[in-house]
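Given below, in the form of structure tokens, are the structures.
Here chain A shows up in two complexes: once beside chain B, once beside chain C.
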Partner chain A sequence: MQSPLRLERRLTQPKWLNWGVPLLSLLGALILGAVVLMATGKNPISVYMRILERGFASTDAFSRTLISATPYAFTGLAASVAFRMGLINIGGEGQLYLGTIGAAFAGIAFADQPTPIIITAMIICGMLFGGFWAAIVGVLKAKFSTNEIITSLMLNYIAAILLDYLIFNSTSYWRDPKSFGFPTGKRLVEAAYWYDMSFGPIKVPFGFLVAMIAAGIVWFLYNRTRFGYEVSVIASSPSAARYAGIRTRWKIITVMSLSGALAGLGGASDVGDFRHVLDAKGVQIAGYGYTGIVVAALARLNPISAIFVAVFLGGLSNAGYALQGPDFPSGLVGTLQGLILFTAVAGEILTRYRIKRQTHVAEGVPS
Partner chain B sequence: MVDDTDSKLTVTMKGIVKRFPGVVANDGVDFEARAGEVHALLGENGAGKSTLSNVLTGLYRPDEGTISLNNEVVHFDSPREALERGIGMVHQHFRLVNSFTVAENIILGEQSKNLMMDTSAAIERISALATQYGIAVDPNARIWQLSVGEQQRVEILKALYHGAKILILDEPTAVLTPQEADALFVVLRSMVAEGRTVIFISHKLDEVMAVADRITVLRAGKTVSTIECATTTTRDLARLMVGRDVVFDRVVRTSQAEPDNVVLQISNIDANDDRGRQALTSIFLTVGKSEIVAIAGVAGNGQRELAEVIGGMRNATRGTVAVNNEVIPNGRVRKSMSAGVSHVPEDRLHTGLVADHSVEDNLILKSYRRAPISKYSVLRRGVIRDQATDIIKKYDVKTPGTTTPVRLLSGGNVQKILLAREFNTSPSVMVVSSPTRGLDVGAIENVRKRLVEAADSGVGVLLISEDLEEIFALADRILVMYEGTIVGNIAAHDATRESIGLLMGGIAIHQENN
Partner chain C sequence: MKKMWKLAAIAATASLLVAACGGSDSSSDTTTAPDGDSAVNGDAFTYTNFTPFEGGTVVNCAPADGSAIKAAWVYVGPINDGGWTQTHNVGREFVQETLGDKVITTYKENVPEGPQVEAVIDDLVKDGNTIIFGTSFGFQDAFLAAAEKYPEVCFEFATGYTQKNNVSQFYGASEDTKYLSGIAAGAEAPAGATVGVVAPFAIPEVIRGINGFTLGVQKTNPTATVKVVWTNTWFDPAIERKAAESLISSGVKAIASFQDSPATGEAAKVKGIGWVGYDSDQSVAFNDIWLTASTYDWGPYEVAKIQAAIDGKWISGDYYGNLSDKFVSIANYGKKVTEATKALIASERERLTATPSAEFTGPITAQDGTIKVAEGKLPTYGDLMGMNYQVKGITTDLPQS
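This part shows the complex of A and B:
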């Protein structure tokens, strides 16, 4: 038996789908979430109101949301950049760790310099370290056709072990020799703290501004330059890319490095804006890299949308921290995020296909 | 599933019509194969051979016409149903699981009552069948360990095991060495001696003559004739296959070809195909200024590889390609492009163009690296749009706009865009593969006119085509490719369809070189 409904490929994608589908997905996720909440005996309306209030509704809440959003914005951009060429970079997590290592190194090494120089050095080192980590994946794929999903994922674990080694298992450059008992990293001097900017009552982390600039650059790169054109040809048709003489292998390495550099920049911002130390455990618990994949998927790989999505998800997790307690299950925010991703991926199908009622009856047997 | 060779099967297909959007693949085909014969189905690519066999095996349902087995009308909804009635097929591309053993592949899909597969009984039967027909295969070998020829034997065994009394082989020798092909013919003969029927699909004249009892020739979806092998010659078959000489319009040229003013020179080229087998052997050819040189041949005889070598998409393993007397580096697309080579691949929509990209983005695929399209690595959208608007007007492309994805356009308009872009690069040499395949009459005329215009303006055109009518309409000189070599080089006015058809079928004739 065939289902009476079937999917039919859309010939063109109407513009309204670009915002309509994500909004519908969000609505769908909220409805599904409400079912979960009611099943656990909570009033969904009041829970959602509290999330809105604690995540977005006050200037204080919004300032905190931007803090949560900053790393998501970077890892979201990193994932988008790679996914746009069909490279499934799951390694944003490890690339971000390497970014924290690089930025902490610069922060310690340039401690006696003026702030602008330290910040610049931290940004450059964070990007270089993260980019290098991703370039390993790119080179392996370009030279030996290894699967980037697996190599980038495996490198996450290696990066985590590297972090632990630098702080807990060695007397490395990063470890504070004066830390007794529980080993910690060297704390950065205050001159290495990234700027706090204020727009009216809202505090904006310097890293968030950098993320917005990066999003603008990525958008320009992908939509207005030869580089972006080549990436889009490779993504849409590898054989056409070969035909046009585009060096696909080089692009794989370049795009992976760019993706890793953006994640590494997120790591630099994590050190410079918030932690001011190489915090081996804290950064691993946060899981920014994996959330970046969610950001990219929800933003439909658009770098500008990625910023907005990052703010939205930042608000959710911020509300999650603020509301955690006996009457507010801590897993709820994760559940909601998962539902949103789920509905967004389902909704993605609707941008490419439309649902049609089956009118075609199986043809009669010719006789 | 009892192996019962005593019940012999005669299959009769009457008035088979199968339409696909825009194409009538089978247009009233009559076909009959008797028990105990090798019946060849001969025809050019696109003549409808594969469609007919897919109808017979239940993969397609005919729009009109009937299939009967021993005078009983049958309907097959799937290959499984056809196989249950004794019709099995060996496809050109094998359907085997590489990591499984021969025996596991053969019993794959069998309904089993037990959770575990019991291969021991199967292995015994497989061995018995193999001995009976002289098919040497180890049932315990894994598929990936086998050569292509051995894999084909596994496919044949699979069909026999499942009780096929009528076995259809689709271009079985395409993947075989001559020795393997001879061994296959012996197996086929022993099968028909047992009273089975073999339907042998091919476009190679000599092997059809070697193995078949009777031959049915298809052309353009219709049955041309069914003849006894003993009463025909390869020459007659060639004529039947490519059609009688019909009067066709030769496109009028305004400039004379200058074959001595060489713009493309290919010397001693060898190259491998995608799987690393040798596809080209010692190719020599030249194309002169304003000359249209056609390469005739059935697809898969090395034409694509040759075009890719010239276009820089494929490395030659030996030999050189020179444009305007300058050797271009091996396997470098950009070097080929800048030397003045334009390559129009046969896969327009996925190689020549990016199907999902807009018309304007496709028009810059060869020029986006240079001014005026880009400046300081930044694309100039305004210039790109203006260029697209101009080209759409000049070449009369029917498109809703410059930002429409090319996959939404008709085949003729897709080809117009591809050719327009290539002409815009002002090439010295154009390598054009099957430029009118799948197009309608109006679009075909348009494309041919453009190619002749290019030649008139001095471009040397290498036209790779299976369409003899097109070759005779356009070419100054005709080369024939067969199994990776050039087997004929004939001035167009000296060539006949028959002589070209024979060469395409691998029959060497006395020829006049020029």
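This part shows the complex of A and C:
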């Protein structure tokens, strides 16, 4: 049996699709969500108002949303950078762990320096550590054509074990020798705390500003430089790129390292902005790296959009906790969040394809 | 799991009944608050096994207009984890049942440790919650920060160690009940066999539980040895299960887990090895292999503390419950536990009820042969809280250094 509908690739993408489709997807998600909510006896309007109020609408809710959004912004950028060249880097999670290790190291080692120096050292070390972790994947891919999905994923587990080792199973440089009872990392001195910036009543984590700057740089690199052009050539046809004299192997290593460095920067912000300690367990529970892949997909691998998507997801997850309670099980919260993400990704298809009705399909013609 | 549905059904019906009677004082049939213990003397709250915070003052965290107090619980895991978080949620339901319309309870589950905790607390305070319970060790920093931000909110923290004027700590002597469960494990394993333990973190709270458990094993099986695998996680069914499987394949004849999920039981079920659980009674779901478990009853203390807040008598402090006030207890026995073992556990239970931590009566020898508790002596509260050595009979080393 043949489906009466089929997807046809759009030859041209009208401009209005870029904002029209996301809006329609959101509307679709809200309508679907309303059906679910009404079926469970909830008033959809009041639930949506609460999501808006607790996620975005008030200044302190928005400040909290930016806190949740900051790590997503970094891991979203990291995934976008790699995916743009067709490198499926699933290792943002582990690269972010390495970033926390590097940044915590710098924060402890430079404790007696003035704040700007400590922060710079934390940023550099976080990026170096994260970049190094991803470079392993890049080198394996470039030299031995190893599948990067598998190696980057496996390195996540190794990074997790390394984190556990540094805090729980050794007296490492990172571990606080005085921690009573529960092993913890050395707490950073206050001079190493990243700045709390305020724009009017809205508090913006310093890391979020760094993420915005990083997004701008990535956008410039990919859209306005030879490097970015070559990356897009490799993405569409690696063999054509090689034929054109582009050094694809070096590009693989460079782009992977860049992706890892961005995730590592997220780790640095995690230590500098929020935890002020190498929190081996907390950072693993959070799962920022995997969320970054969702961010990148929703942002259509566009670095600027990634920032907005990160804020959207940050607000959604904060609002999710606000909704939860005895009369609102977390499964229902997950269903709502899932519906919104699902329709957003589904809507994505409509910007690239259009639905055509099958009309003149002759019998017997193989299709 | 069936047990859980039964409990949930009982709780649901009970709360409906309470609501129908307009919150009349109907007490639950399964659990009762310790009689008379919550009586209030003078201005501040007093309670068995509760030591008020030195220099602490009464914090007024009930609504001034006499409306119902809003109480919230923040959980690290899902409320159906079959262990830690689930029993905490049973405690919350007990509070709601017992205090009826004097309290409005809510909870947030699956809250990851880190910056999210503070955001969740901000939200809870904004919603008008004035007494907030935290149930995961990793929340402590966020709770302390929030306590400073909201001095008019009462915070109750399970299993931490830092008290503030508005941050109280509560926990209890599960080493005593782990000792009782160890007796069952020792009886289950053949003489001189190895018993496995799947344990989360090598911290005093956990180490003294494993020591208690080991002493229990040795009570019935003096030549048995104990092997520990550390998972470095409170709740991760996949890792817990892997740890259990590694112990089982190394030939342990009985196994215990002090984790938040029953994953060890699933691994033990495959090989039919006797299992000592933790936190929750799994005697129905794991009928064939179930021995018993050390369990907690969080509700009565929480009821007493919320009532104190309503009465304007809430004060911070340190609660360390034990067998005597039924804070810790042991679950139903499985069919592997013989009558003789049950009788022995019953008599030991009596001894520990009269004298908490009596299983640590000296001489207690550490792994390296040093005497840690002298002949005939009991460890002090400080000794217990700082216990960082394993007793003789445990063959694996502590992970750090």
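Convention: the second predicted complex is superposed on the first by the 345 of 367 C-alpha atoms of A that agree within 3 Å, B and C clash if a C-alpha of one lies under 4 Å from a C-alpha of the other, contacts with A are read in each partner's own complex, and residues count from 1 in each chain.
Just so it is clear, a contact is a pair of C-beta atoms (placed from the backbone, for glycine too) under 8 Å apart; a residue touches a chain by one contact, two chains touch by 3 or more.
These numbers were taken from a predicted model, which means no experiment stands behind them.
> Superpose on chain A as described above, then tell me if chain B and chain C fit or clash.
In the arrangement built by aligning on chain A, the partners chain C and chain B fit side by side.
> If you stack the two complexes on chain A, which partner ends up touching A:S46: first (chain B), second (chain C), both, or neither?
Touch status of A:S46: no partner.
> Now for A:A286: first (chain B), second (chain C), both, or neither, which partner does it touch?
The second partner, chain C, only.
> How wide is the angle at chain A between chain B and chain C, using CA centres, rounded to the nearest 10°?
Once the two structures are overlaid, it is 130 degrees.
> Looking at chain A, does chain C or chain B touch more of its residues?
Of chain B and chain C, C contacts more residues of chain A.
> Based on the superposed arrangement, let me know which partner A:P326 touches: chain B (first), chain C (second), both, or neither?
So A:P326 only meets chain C here.
> Contacts for A:S145 in the overlay, against chain B (first) and chain C (second): which applies, first, second, both or neither?
neither
> A:D164 contacts which: chain B (first), chain C (second), both, neither?
So A:D164 only meets chain C here.
> Identify the partner contact of A:D60: answer first if only chain B is touched, second if only chain C is, both if each is, neither if none is.
Once the two structures are laid over each other on A, A:D60 reaches chain C alone.
> May I ask you to decide whether A:R275 touches chain B, chain C, both, or neither, giving the answer as first, second, both or neither?
After superposing on A, A:R275 lies in contact with chain C but is clear of chain B.
> In whole Å, how close do chain B and chain C get at the C-alpha level once superposed?
Between chain B and chain C, the minimum C-alpha distance equals 30 Å.
> Where on chain C does chain A make contact in their complex?
76, 78, 105-116, 119-120, 122-123, 127, 137-138, 161, 201-205, 230, 232-233, 386, 399-401
> For a test of understanding, state which residues of chain A touch chain B in their complex under the given definition.
Chain A residues touching chain B: 11-12, 224-227, 229, 232-233, 236-237, 239-240, 242-245, 363, 365-367.
> Where on chain A is chain C touching in the complex?
For chain A paired with chain C, touching residues are 54, 60, 64, 67-68, 164, 168-171, 180-183, 274-275, 279-283, 285-287, 317-318, 321-322, 324-326, 330.
> In the complex of these two chains, what residues of chain B are touching chain A?
Residues 61-66, 73, 75, 311-313, 332-334, 337, 343, 345, 347, 350-357, 361, 364-366, 368-369, 374, 377-379, 381, 405, 408 of chain B touch chain A in their complex.
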